[in-house]
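Each structure below appears as structure tokens.
Both of the next two complexes hold subunit A, though its partner changes from subunit B to subunit C.
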Partner chain A sequence: MIRRFLRRTRARLHALAVPVAPYRVPVAVLGALLVVVGSWSPWATFSGFAGKMTLAYPGGARLYTLVLAAAVALAFVPLRGRRVAGEIAGLGCLGLALLTTLAIAKEGGGLVNVAWGAWVTIVGAVLLLLSLLSLPEEEGDEPARLPDGPAFGQLVGVLAILVTALVVVVEGLEIPSAGQFLAYLAFLGLLAAAAAKLGVFEWLQRAAERHRMITLTAALLAAAAFPFTQDGSNEWVRVGCSVGVFAAAAVGLNIVVGLAGLLDLGYIAFFGVGAYVGASLSGSPDSNVRLNLVFLVVIAVGAIFAAVLGVLIGAPTLRLRGDYLAIVTLGFGEIFRIAANNLDGFAGPKLTNGPNGIPRVPNLNLFGFDFGESHELFGITLGYFANYFFAELVLLAFVILAFVRLNNSRIGRAWVAIREDETAASAMGINTVNMKLLAFAIGAFLAGAAGTLNAHVTTQVSPDSYRFDESVLLLAAVVLGGMGTIGGAILGSTLLLVLPEKLRFFQEKRILVFGIALILMMRFRPEGIVPNRRRQREFHDDLSGADATSAPPGAPVVST
Partner chain B sequence: MPPRARKSAATPPPEPQRPVVQLGEVVLEASSVTKRFGGLTAVSAVDFVVHEREIVGLIGPNGAGKTTFFNCLTGMETPTEGRVVYRGRTLTGKPHEITQLGLARTFQNIRLFPNMTALENVLVGRHCRTKTGVFAAVTRVPFFHQEERESDKRARELLDFVNLGRSADLLAKNLPYGDQRRLEIARALATDPGLLLLDEPTAGMNPQETTAAMNLVRKIRDNGLAVVVIEHDMKFIFNLCDRVAVLVQGKKLVEGTPAEVQADPRVVEAYLGTPATGEAS
Partner chain C sequence: MTQFAQQLVNGVVIGALYGLIALGYTMVYGIIQLINFAHGEVFMVGAFGGLFVWTRVIPDGTPAGIALPLVLLGAILTSVTVALIMERFAYRPLRNAPRLAPLITAIGVSLFLQELVRLYYPRCSAADTVGESIPRCGVTQGREYGALTDQQFPSLISGPNIKVGGVQIPRVSIFVVVVAILLMVALSAFVRRSRTGKAMQATAQDRDTAKLMGINTDRIIVVAFVLGAALAGVAGVMQGLQVGTVGFKMGFLAGIKAFTAAVLGGIGNIAGAVLGGFLLGIVEVMATQYAPHPFSGGAWRDVWAFVVLIVLLVFRPSGLLGERVVSRS
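Here is the complex of A and B:
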């Protein structure tokens, strides 16, 4: 129904623009000129609005409208999907200009406080849009399939997008006001949507698959460059650490949910087990285990302990299917939290200190390298959280490697087969119970490892950090980002953790906002932001045939 | 008597002398297999033998218990009574264990892995004949690559064998119906079976496809496998099979060469009912 409404509205707008058709090019040029002029002119009569709106240079929202207006030129590129891409950019340009104008009016106390630059931009954007809408209807309008081009070009493309991502993140984090950050997000989203309509991301995905190891390495290097941009400040590197841990757990969960198709609602418990093991064996003065092992041993112990628990939980429950399994895992998550709350020496053995948890987990010290100190590298000061950030990256790299390699092996194929049709899988000689147990155990293993490291990052563990909410949030990260893909799990984790930090006003309502986002996602893009190609075809039958037949022979369909 | 007349006309010239007597070793022996669901006896004391390099047909009206019998053979159902012996070993375990022993099957309603490519579907069939573990998969030791290469080679051979070599990278669900049936056979063959059980392999196929399927089954037999096939297409059954068993209401009614079964009045009766007495003259 919503789609039909949108289609009809679009048709009406097109009808409206028909008279413009003969003067399409002059109108577009005029509109573009107006936007350029507008972006170089003051938008507000008072100072204090984010983005230096009184000055005559494009800052803040004015820059975004300028770039989006430039992106409208995409509509004149001879590619399939260009019209939709142009429309998105044009609509975005107009929408951003209008919203900014309204925000200025609200802050200044009336429309009189909106300076002429804003009005010029709005008029320009409307003209641009009109000229776009008058473009003739084209066949399909579905995303183009860009030619792959030479391997070198693909590599350049992948590297360029990684550098862009780093710049985009660093720039975004520096934006002080929430409103402007929202405008920034909208701007990025619109650009990305326009690019997606041109098939840019599919091209990138294919390129990344072809050069998997190079892409992975480059992505890690780009991530490792992040602390160097922070001038020794710990603020965002600390958030980066949380993202890293969360992402590692999410990729692990992706094995269980995305590959094997087992809905695990108590996954955070394995993470918690690892964290408790890490804290207990760290030599914290509050730990009840008088053991202080080398961290590399501790992380192995934490991971293995979690995996063993996973097998113990899984063995009786993995004979269940679907919903039953979800309920049992949910129950297990609660059991873990309540047990951690009660193993305080009164209700049970003294292990976890009950609700107090284990505080004062010392900083890591690996081979004499103290993680609690700032360091200077290449003349740039790095806050001590950078040390943990690099450790997270190593862990994440390991988790990703495990995911990719298992996925592209007989084990990964067996998991997917079980997800697709358990009965047929078992008739094809797959020991379904064992393979499901294996998925469960490996997921728990990775979560345990991430938890062990996290105990040192947060310097304390307490039962309240491992509530059901956190399991749901992890699952939301996986689903939002895209099931069965690594990029999806990482993007989902980043969004779920960075947005609440950046947008303080929505921190309390974050569960609500994510809930709404998930519902919208399920309605309009069930495969997630970064779709697994296999999943995308599953949900959108219409583009399956063409895509499949034109796939180059031998191209792996398994997405990373 | 139109039915009889039509049938004999459709039968090809007398069987080329197939040496029915020189049967190979017994591959599968089911003795008095019975399956009850509550009060319903779906399969009742069926004895069934398959010899090496033999194509055996299993026919019977709808609801006769053919598929249930298949399920009992492959471990998807546990027989209430009776036992199944494959090459001297009693089959008791789960489906995957029986597949590992060498029985592979296809399904009446196609059960491919719809969102995997044709090649991946066949590779899944290789699962039980390969050994790579988690450690080898993550560390990518040389053994992993070697096994993966072998699996890939074998899977592509099998795709070529069923004439799907060019569809290797298409998703199973996007294949035409007939191709899906053949892909299911390739996937079953990938488990290196000694006995292949086909549940209505030509359902929904046109005559050309049916002929091709017939040749495919012969080719499979010539490669040394025994085949049991459930089918409703009588032309297919009587042209292809060395022996035919008729299952009616869970019981084995007749068993014999296609000619014997065709000539048996009880079979006609089971399919078409008894002629009304008045018309008999």
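Here is the complex of A and C:
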């Protein structure tokens, strides 16, 4: 229904732009000139609006309109999908200019306070859009498939995107106001959407798959560079730590949900089991187990313990339909939380200290390296959270490696086969119960490992950190980011943890927004922000089928 | 022995509520094989709809005998409306999607409804003081948004407990059990006798063939959602009457327990849901009384319910009255 409405609106707009067609190029040039001039002129009559709005140097929203206007040039690149890419950039340019104008008017108390630069930019954006819309209809709204090119070019592309990602994150975290941050996000989203329409991300995905180890190492190095940009401040490195551990758990959950297609609603319980094991064996003065083991042993114990529990829960339920698993894991999550609350020596054996949890978990000390101290490296001070950040990167790398190796193995293929059609998979000789159990146990193992480390990062564990909400948050990270992809799980975790930090007003309503986001995502883009190609086919087979039949003979039909 | 009988009575009352909610799960599941995780929230929203009618719609001094049906009606209207919107905009577009999609949507709907009530339920500004009688605040008086804490529910059925040989039975409990049983009987008669009910059975057996026979299956699915929601709404009010408070979180546990009840009786089977509800309620209450020492008491009650579910799935996954579970690919 909504798609049809969009298509119709677009057709109407195209009809509107027909008179412009003969003068397309001059109109586009004029529009671009106006945007450039407008972006370099004052937008507000008063100073102090959201940073540097009255200065001549285009910062903030004005920079975004400028870049988006430049991106309109994509429409003239001879590639499939260029028209849509151009339209996204053009609409984004106009939309951001309009929104900023409104924000200035609201801040200043009326449209009077909007200076001429804003109006010039808006007129320029409208002209750009008109000339874009007058481009002739052509087959080619499907994303293009870019040629792979030489291996060297692929590597440069992958490295460039990683460096860009680091810069984008660091720049974004420095933006002080929530409104500007939203504008920044919108700007990035629009640019990414335009690039996606040209097939840039598919190209990158192929490149990354071909040079897997190099990409992984480079990505970790890029992430490891992050604490060096923070001037010894712990604020964002601490958030980075949460993102790291959350992402490790999300990638683990992605094995269960994304690859094997098993909906695990109590995943946080395995994480919690690991955390409790970690805290109990850490030598905390409040621990009820008088044992203090080396951390590398503890992490193994935590992970194995979680995996054993996973097998115990999974074995009876995995023989049945998937829906039962969802509800039983949900029940298990609750059992874990209730048990952690009750094992305080009164309602049960003294093990977890009940609602108080286990505080005072000491800092890690590995081979004489104290994680609780700041360090200086290359003349840059690193706060002590940076130590944990690096440790979490190592853990994340391990989890990612496990994911990749499993995904490309016989086991991974079996999981995908089970996910798509269990009966057929079983007929092909796959032992479906064992395979599902394996996925479940591996997921639990990874969550347990992440939880063990997290006990040291947060220095305390308590039952309230392992509520159903947390499982849902993890699931949301996987679903929103993209089921079955590493990039998706990491992007999802980053967004879900950084957004509430950045947008304080949003914190109260974040669960509400996640709920709506889950519903809308399943309705319109079930494959997530970063789609797995195979998965995308699965969710949209009706669509691609229709396209394949309606495409004119000779037109390149989507190929995998 | 008295103690046992007393616990039995308590179990039956809780079980009646579980059974009413479980019917909603089982009907929807029987027809479209969807576990509507958000059904617990429909129950919760119904309770708040009833509370809203009592505090805002009916005038002061309405006798309980007139207020109770109106409160029930308000609850039913609220939960049915919510279920209709949910079915139309969240589930129907996904009818042919892979299995995981509607499950995730259901979680989304569930979170959305909980937070909607938590953040935007228009409560009376004086309603936060727990312990006093609940104010009626009419349409015009001051309101605040959000039900962050549990809200008091009016005790519309009062009077001394009835004693049967040393066993104390509150009047509310009798009302709850009687209404629940009446509704269950009515539903079962509806499904077996009426034209729509027979169409429901046909749709559950084979949706495509039912369509060929001229049954509007989309309408039948809506009917299943509506009937389930109406029962859940009634259950919401009865929980409010029984416990004395309602909160935005009440749907979560009740939903899982009711689902357990539905599985216990054999999901997709109406009589099974009722049986499963009563059984689960009784087992749960008995476990708090008679379980071995450290694991008895209210703190472990929910754990026992889940243990029942897991044990059941090991030994009889099709439930007590269910047929063999056929896996749908």
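To be clear about the criterion, the second predicted complex is superposed on the first by the 539 of 560 C-alpha atoms of A that agree within 3 Å, B and C clash if a C-alpha of one lies under 4 Å from a C-alpha of the other, contacts with A are read in each partner's own complex, and residues count from 1 in each chain.
The rule is simple: contacts are C-beta pairs under 8 Å (C-beta built on N, C-alpha and C of every residue); 3 or more make two chains touch, one makes a residue touch a chain.
Being a predicted model, the structure only gives us computed values, none of them experimental.
J.: Pick one for A:T423: touches subunit B only (first), subunit C only (second), both, or neither.
T.: Both partners, subunit B and subunit C.
J.: After superposing on the shared chain, does subunit C or subunit B touch more subunit A residues?
T.: Comparing subunit B with subunit C, the partner touching more subunit A residues is C.
J.: Looking at A:A414 after the superposition, I want to know if it touches subunit B, subunit C, both of them or none. Which is it: first, second, both, neither?
T.: So A:A414 only meets subunit B here.
J.: Identify the partner contact of A:V123: answer first if only subunit B is touched, second if only subunit C is, both if each is, neither if none is.
T.: In the superposition, A:V123 touches no partner, neither subunit B nor subunit C.
J.: Could you look at A:V479 and tell me whether it touches subunit B, subunit C, both or neither (first, second, both, neither)?
T.: So A:V479 only meets subunit C here.
J.: With both complexes overlaid on chain A, does A:L401 touch subunit B (first), subunit C (second), both or neither?
T.: A:L401: touches subunit B, not subunit C.
J.: Have a look at where A:N342 lands relative to subunit B and subunit C in the superposition and call it first, second, both or neither.
T.: second
J.: Touching A:N431, do we find subunit B (first), subunit C (second), both, or neither?
T.: In the superposition, A:N431 touches subunit B alone.
J.: Going by the contact rule set out at the top, does A:G515 touch subunit B (first), subunit C (second), both, or neither?
T.: Touch partner of A:G515: subunit C, not subunit B.
J.: Please identify the positions on subunit A that touch both subunit B and subunit C, taking each partner from its own complex.
T.: 421, 423-424, 538
J.: List the residues on subunit A that touch subunit C in their complex, please.
T.: Residue positions touching the partner: 257, 261, 263, 265, 313, 316-317, 319-324, 326-328, 330-332, 334-335, 338-339, 341-342, 347-349, 421-424, 468, 472, 475, 479, 483, 508-509, 511-512, 514-519, 522-523, 526, 538-539, 542.
J.: Within the complex, which stretch of subunit B touches subunit A?
T.: Going through subunit B, the ones touching subunit A are 74, 76, 94-96, 99-100, 104-105, 107, 111-117, 120, 123-130, 132-134, 137-138, 140, 144, 147-148, 151, 168-171, 173-174, 187-188, 190-191.
J.: Per the contact definition, I'd like the list of subunit C residues that touch subunit A in the complex.
T.: 35, 37, 90, 93-94, 96-105, 107-116, 119, 252-253, 256, 259-260, 263, 294-295, 297, 299-300, 302-303, 305-307, 309-310, 313-314, 317, 325, 327-329
J.: Which residues of subunit A touch subunit B in their complex?
T.: 401-402, 405-406, 409-414, 416-417, 420-421, 423-432, 438, 442, 534-535, 537-538, 544-545, 548-549, 551, 553-555, 557-558
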